[in-house]
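In what comes next, chain A is part of two complexes: it sits with chain B in the first one and with chain C in the second one.
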Partner chain A sequence: MDLTALPLAEIVAFNRPAIDWHGVAPELILLGFGALLTLVDVIFLDRARKISSALAGIALLATMVPILTLANDISDSGARVMFDGAYVIDEFSLIMKAVFILSGYVVILLSTNYIAEGDYWESEYYGLLLTSILGMVVMSSSRDLISIFVAFELLSIPSYMLATWKKRSLESNEAGLKYYLMGVFASAIMLYGMSLLFGVSGETILTKVNASLNVDPLSGEALTSSTPIITLGVIFVIVGFAFKVSAVPFHNWAPDTYSGAPIPVTAFLAVASKIAGFVALVQLVFVGFYARADVFEPLMWILAVASMTIGNLIALRQTDIVRLMAYSGVAQAGFILAPLAVAGQVGDQALSSVVTYLAIYAAMNLGAFAVILAAARKTGSTSLDSMNGLFSYAPGLAIAMTIFMFALAGIPPLGGWFAKFEIFFAVVEAGGTWAILLGVALALNSVIALYYYANIARRMWAEEAPNGDLTPIRVPASLSAALVLTVVVTLVFGFLPGAVSQFTDVGLIAGG
Partner chain B sequence: MLLNQFLLLAGALFCIGVYGVIVRRNGVMVLMSIEMILNAVNINLVAFGAFNGTPIGSVFALFVIAVAAAEVGIGLAIVLLIYRNKKSIDFSEVDTLKG
Partner chain C sequence: MENNNEWILSVLTFAPLVGALIIMAIPKGDEVFHKGFALLVSGALLIFGGGFLLTEFDFDRADEMQFTYDTSWISVINSRYIVGIDGMALPLILLTLLVVPLCVIYSWDHFPEPHNPKAFLALILILETGMIGTFVAEDLILFFVFFEVVLLPMFFMIAVWGGEDRRYASLKFFLYTLFGSALMILAFLSLFFLAEDTAGNALRTFDIQALTEWRGANLSRSAGLLIFGGMFMGFGIKVPMFPFHTWLPDAHTQAPTVGSVILAAVLLKLGTYGFIRIAIPILPEAAVEWAPWIGLLAVIGIIYGALGCLAQTDMKRLIAFSSVSHMGFVMLGIATLTTFGINAAVFGMVAHGLITGILFFVAGSIKERYHTLEIKRLGGLLLQAPRMGWILGFATMASLGLPGLAGFWGEFPAILAAYQPANGLSEAVFRTYMVVAAVGTVLAAGYLLWLLQRTAFGEPSEEFAKDPNIHDATKFEYVAWAPMLVLIVVLGVLPNLLFKTSDPAVEKSLHPCLIAEEADLAALDCPAVFGVEVAGG
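Take a look at the complex of A and B:
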C-alpha cells in the first residue's frame, strides 16, 4: 500500500470551518449549564442539593429560547448548514430538539421529589440528565456518520449511569448492566456497519453516502440492486438503532431495565432515549440510505410487524405496570417503524407521520409514568394490583391515567388517535400487497393493545382498593405540574390535530 | 492491494467478539469481547481510509478509540458495583429481574 497517497498536506493546512454560533446556541447553553451544575456541586457540596433541580429546569427553559429564535430565522432564510453538511439546523431538527427539551423538562419535574427523598446523589443526577439531553439535541442535527455516532454515545453513556443510579440496590445494578451490555453491543455492531458504508463511499456525510450507494463500488456503474457489502452495512447500522428503540428481536433489555431503574429514569429511557433512536433512524433512512429502499424497507417491515405483534402479546400477560409499559413501548416502536417500511414510496408523508407520532407519544407516555410514579408514592409498588381502586382515593390521578391509557390505545378524541391515523394513512397511501398487509397488522394490533390499556382503566374504576385503604395520595407540586402539562398536550393534540400537524408537516430533511 | 487481508482480519475479530459477548458469562471477558469488535471497526476504518485515500477513516477511528475508552470505563464501574453487592462478576447470577 502506498502511504504517500494519503493527502497529508491537506491535514497540515487545516482551516477552521466557519461556526454558526446562533445555530449551535442551544447545544452551547446546555453544555454551559451542565458544566455549571457540576461546578456548583463541587463548590457548595450539600447546599447545592436544594438548587440543582431548579438549575437544571432553568437550563432547559433557557435552551428553548435559541430554538424559538432559530425556528423564526429558518422559516425566513431556509436551513442552516455547517461543516459541509455534517450538521444541519432545519425544521425537522428544531422540532425534535423542542420535543427532547420539553420531555427532559417533564422528566426533571418527575425527578425532583423522587431523587430528593431517596438519599441519592442529586447534582450529578441532573448533570448526567442534561448531558444525555445534549446528546439528543446534537443527534437531531447530525447528518454525518461520525456526528451520529458521537451523539449516540453522548446520549447513551450518561443514561447507563442513570439506570444504575440506586447504587446499593441489586435490581438497579442489574438494570444498568443489561442496558449497558445491550447498548454497547448495539453501538459496536452499528459501528461495524458504518465502517463498511464508509468503505463503499469514502465519505461520512450522509448525502454523499447516499449518492455512493447508487454506484457499484468496484466497477463504478449505476446499481440496479444492492451489493452484499452495502446490504450488510445498511442492515448492521439499522440493527444498532433497533436496539435503542427496543424493536423485536432486540427488545430483551427493555423490560428488565425499565423495572429495575428509578421510575423517573425509566420515563426518560422510554420516551427521550427511544425518540432519539428514532430520530437517528429517520435521518439515516431519509438522507443516508434513501437510495437503497430495496434494503431497508423489507428490514423495517419485519421489525415493525414483529415488534407490534410480539410486544402486544407479551404485554397482555404482564402483572407489573412498569413491565407492561415496557412491552407496550415495544409495540409502539413497531407502530413508529411502520411508515419507514414504506418510506421509499411516500417520502414526506411517512416522515411527517413519524414526527407527529413521536411528539404525541412523548406527551402520553411521560404522563402515564407520572401517574405510576404518583401512585407508587403511596403503594410503594408497581404491580398492576396497586392500581386497583385508584379512583376511589385519588380521582384526579385515575382520570389522568384513563386519558393516557386511551390516548395510547388510540381512541378519539385523545392525542393518540391522530398519531395512529397519520401512520395508517401513510401506510395505506403507499399501496401494494406488503403495505396493505402492514396496514392489517397495524389495525389488528390496535385492537389487542386496547385490551390491556382498557384493563388498567377497569382496575382503577371498578376494583376495590387493596386492603380497603382509602388514604389520599399527597402529590407534590412538581409532579402535579408534569401531570397538568402532559394531560393538556394529550388533549390539545387530540381535539385540534391541526395544531400538531402544522408543526410536524416537515419536508424531506435537508441534507446539506 | 492489501485491502482484502485487512477486511478478513477485521471480519474474524468481529465474529470472535460477537461470539464472546453472547457466550462468555464473566463480566470482564464480555467487556474484552466488546473491545474486540471495536478494534475490528478500527481496522476496517483505517484500511478503507487508506484505500480511498482520505484521512477521514483515521479520524473516525480516533473518535471510536476515545469513545470506547469512556464506554469501558462505565462498564467497569458497573461490574465493580455488582462485585461489591454480590461478590461475583458472573453475569448468569445477575437475574433478579424476571417476568
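Take a look at the complex of A and C:
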C-alpha cells in the first residue's frame, strides 16, 4: 500500500477492531487475577502468603465459567472469529482451554504445600503460573503466526523462571538456564521459519498462509509439490515446536530440566507446557500448512518414530523416576505426533485422536507426578528405589500410581487405552505402507513402554520398603484432592470412552 | 424373542468387579470377612448364575446367540456393548464360574507369602470379570478390552505372590501378551476399515456376528492373510503356541498355586476361544491358507512340549510344559477347520482346564508340605499322603488321555479330525500331523507316568521321611478338588453333554464351504481357496 497517497488522518487514526468481550473473557479474568495477585503481594507482603494459592485456584475456577458459557454459545451459533481470523474461539480452542485450566488447577493443588513449606516467596510463583496459563489459553485460539509467537513467548518466559524457582539450588538454576537457552534457540528457529513463510505468502493469518502455500508466488499457478523455501519454512516452524514438545532429536533439555526443577513445576512443564506445544502444532498443521501435507507428513513420521523409540529405550535405563517420566514423556510425544504423520489423509480422525490423547495424557501424567510428590515427602528422594514397597506403607498412593502407570502404558480399562486406540484408529484408517509401518512401530513401542511402567508397579507392590521403614505418609488435603481428581478422570476415560470422545471429536477449518 | 434375560450376562461379568471393590473397602484386619465375602460372591455366581444359565439356555438353539444385550458404547468409533453366548461360549463360562470359587476355597488357609488375602482375593475377582467378559463379548473392541483386563491382576498375582524369579516371570508374561494384543488390535482395526459388503458399502462395524456373516467377502487375499496374521499373534501367544510358548513355563512355575490354576484352566482358553470365535469365522479364506501352518506349529508344540516335560526336574514346570503339549492338541483340532475338530477343541479346552487345574492344585499342596517341587527329592507320596497321591494318580491318568475320563475326548477326536480336514486343506499334510500327534500321546503317557512314579511311588526320601509337616489332604483341599474330579469323570463318561451343546454353534461359525460334503460343494459357489475347482473338475 502506498502510504503517501492517503490523507494523513487516515494513517494516524486508529480504528480499534471489534472485540468480542465475551469471547476473550477467560483471558481477561486470568489477566485480572494475575494482576490482583501481584497487588495483594505488594500490599500485604508476608500476610499474602496464606491466600495466594487459594486466590490462584479461584482465578482458574472463575475462568472456567466463561469457557462453559462460551461452549454453550458456540454450540448454538458457531465459532466466534476475531481480528480477521487471527483469533478464533471454536470447539477445539475451548476444549484445550479447559484442559489447560484444569491442569493448571491440579498443578496449584500440587504446589500448595510444596511451595508453602519451602522457604520461598509465594505470590510470585502463582503469578508466574497464571501468566503462563494465560499464554496457553491464548495459544488455543491463535490462528495467526504472530499471535502464535506471542502466545508461545507468553507461556514460555514465566516457565523459565518457574524452573529456577529453587534459587539456592544449583540444579534448579541449571535446569532453568538450560530450558531458557533451548527455548530461545527454538524461538529463533521458529521465527526464521515464520519469516520465510511470510515472505512467500505475505500473510500471517493461518488460513491465508495455507491458501498461498498451494500457489507458486511467481507464476501464480497451483503448485503440485513444495518449493524449497516453503519446505524450509514449514520445517523450521515445526522444529521450533518440536523443542517445546521434547520430540527427538530436540529432547535433550527435558530430563535435566525436569529433574532440576521443583516437582510441581516439572508436572506443569511435562503436562501443560507440552500440551501447549501440541496445540500450536495442531493448529499449524491443520490450518496453516494443511496444503503442504507432502512436507509435514514425512517430518512428523520421522519425529514420531524417533521420539517413541529413543524415548522408550532410554527410559528403560533410568534410575530416577523424574528422569524416567521425562523420557516416557518423550515417548508419549512420539505417540501424539503419530496421527499428525497421516493428517493429510485422515484429517478429522487424526485431529480428534490428538485432542483425546492430550486430554487423557494430562490426567494420567499429572496424577503420576502427584504420587511422586507425595512419596518424595517421606523419602525425600526421587530415585526409583524410593518407590519400593510403597504398597506396604501407603496403599492408597500405590494403587493410584499403579492406575496411572498402566494407564500411561495403555492397558484397558484404564484411561490411556482409549487414547492409544484412537491413534491406532487414525493410523490404520490412513492405510498404505508408511502408515502400516507407523502402526507397527506404535505397537512395538507400547510393549517396550510397558516394561518400565510395569517395573514401577512391581517395585511398589513386590519389593521391600527401603530400610524397612513403614511409617505412613501424611498426604495433605490439597494433594489428596489432586489425586482423587486425576484418578477419577483416568478411570472414567477408560470405562466410558464415549464420554470423552463426545467432547474431543472436534473439527478445525482444515484444508484450503 | 420376548424376555431373553438380557441382564444376566452383564451381571455375571460385573458382579465380581463390584465384589472386588467391596472387598477393598472392608478394613484390613477382618480376614475372615474378606475370604467369606469372596466366596459368597463367586459361589453365588456359580450356583445362581451358572444355574440360571443352565436352566434358561435353550439347548435346542445352541447355535444362536442367547441372552443378548446390545447398546451403544463408544459411538465415535461405532463400537457397541454387545454381549451374548452360544453353545461354544457356555461351557467356557461355566468352567470359569466353577474354577474361581474353588480357587477361593483352596486358598482359604493357603495364602502364599506375603499373605494379604484382601488384595489377593480382589485380584481373583477382577480376573473373573475379565475372563467372563471375554467369553461373552460380541464386539471386537469389547473383547479386546476384557482380553486385556485379565493381564493386570495376573501380573500382580505373579509379581507379588510368586516364587523367587517372580520379577522376570511376571514381566515376561505381561510383555509377551501385550505384544500379541498390540498386533491384534491393528488387525481388528484393519477389519473395521476394510470390511465392505458385496455392493461395496463399508460395514464399519466391530460387531462379531455382523462380521461373521460377512465372512471376509471382497477382502483382498493379502489383506486377509495379514489381518489373520495379526490375530494369530494375539491369540497364538495367549494359547501359547510354539514358538511363543516360552513365557508359559516361567509364569506357571513362579505363579502362586491359585494363579497357576486360573492361568491353566481359563486364561489360556482366551486364546483358543479367540481363534474359534473371531479369527476363523470372520476370515475363513485366510484361515484355510494359514491352517497348515497352524497345524504344523500345533504338532511341533505337542512333541516339543512332551520332550520338554521329559527334561524337567521341577514338577510345576513339567505340568506347564504338558500344557504346551495339550494346547497343541486343541490347536490341531482347530486347524482342521472341521466341526469335528473344533468340537474336540472346545472339549479339549474344558478338559484341560479341569485336569491341569487339578494337577496344579496338587503340585501346590505338595510344595506347601515339602517346600520343594524338585522331582528327585520327592517320592513316596502314596505312603505319606495316600489320598493326595491317589488324586495325583487320577489326574495324571486323566491328563494322558485315558478313555473314560475327560482328557480322552479332547485328544482323540482332535487326532481323528486331522484324518479328514476341511475342504481346501491338504489331506496328506494333516494325516502326517495326525501320525505325529499320535506319537505325542505316547510321549504324554511316558512323561506323566514317569512323573507319577517318581513322586508318588517308592519310599519317601530321607529328608522328608520323618517330617511332621507332611500330612494328607485337608478339608479345604477336598472341597476345592472334588467338583473338578467329579466333572472329569462325568464328562469322560458322558461326553455328549458337551459335544451336543457346542456342535450347533461350531457348525454355524464355520463357512459352509469348509464343511460341505464334496457332492454339495459345487452348488455352494465357493471361492477357489476351498478347493472347489479340484472337486468340481
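Just so we're on the same page, the second predicted complex is superposed on the first by the 495 of 512 C-alpha atoms of A that agree within 3 Å, B and C clash if a C-alpha of one lies under 4 Å from a C-alpha of the other, contacts with A are read in each partner's own complex, and residues count from 1 in each chain.
The working rule: a contact is a pair of C-beta atoms (placed from the backbone, for glycine too) under 8 Å apart; a residue touches a chain by one contact, two chains touch by 3 or more.
Everything quoted here is computed from the prediction, not taken from an experiment.
When the two complexes are overlaid on their common chain A, residue A:Arg377 makes contact with neither chain B nor chain C.
For chain A, the partner touching the most residues, choosing from chain B and chain C, is B. Of the two partner chains placed around the shared chain by superposition, chain C is the only one that A:Arg458 touches, whereas chain B remains out of contact. With both structures placed on the common chain, the touch criterion links A:Phe406 to chain C but leaves chain B unconnected.
Using the contact criterion defined above for the overlaid structures, shared-chain residue A:Val428 touches chain C, although it does not reach chain B. When the two complexes are overlaid on their common chain A, residue A:Arg49 makes contact with neither chain B nor chain C. By the document's definition of touching, of the two partners only chain B reaches A:Gln318; chain C does not.
When the two structures are aligned on the shared chain, A:Gly202 is found in touch with chain B, with no touch to chain C. In the superposition on chain A, contact of A:Ala443 is made with chain C only, not with chain B.
Within the complex formed with chain B, the chain A residues making contact are 1, 3, 5-8, 10-11, 145-146, 149-150, 153, 157, 160-161, 164, 167-168, 170-171, 173-178, 180-181, 184-185, 187-189, 191-192, 194-196, 198-199, 202-204, 255-256, 259-260, 318-320, 323. Partner chain C is touched in their complex by these residues of chain A: 352, 406, 411-413, 417-418, 421-422, 424-425, 428-429, 431, 439-440, 442-444, 446-447, 450-451, 454-455, 457-458, 461-462, 497-498, 501-502, 505. The touching residues of chain C, counted against chain A in their complex, run 72-77, 141, 144-146, 148-149, 151-152, 155-156, 159-160, 166-167, 170-171, 174-175, 178-179, 182-183, 185-186, 189-190, 192-193.
Chain B makes touch with chain A in their complex at residues 1-2, 10, 14, 17-18, 21, 30, 34, 37-38, 40-41, 44-45, 47-57, 59-60, 63-64, 67, 70-71, 74-75, 77-79, 81-82, 85-86, 91, 94-97, 99.
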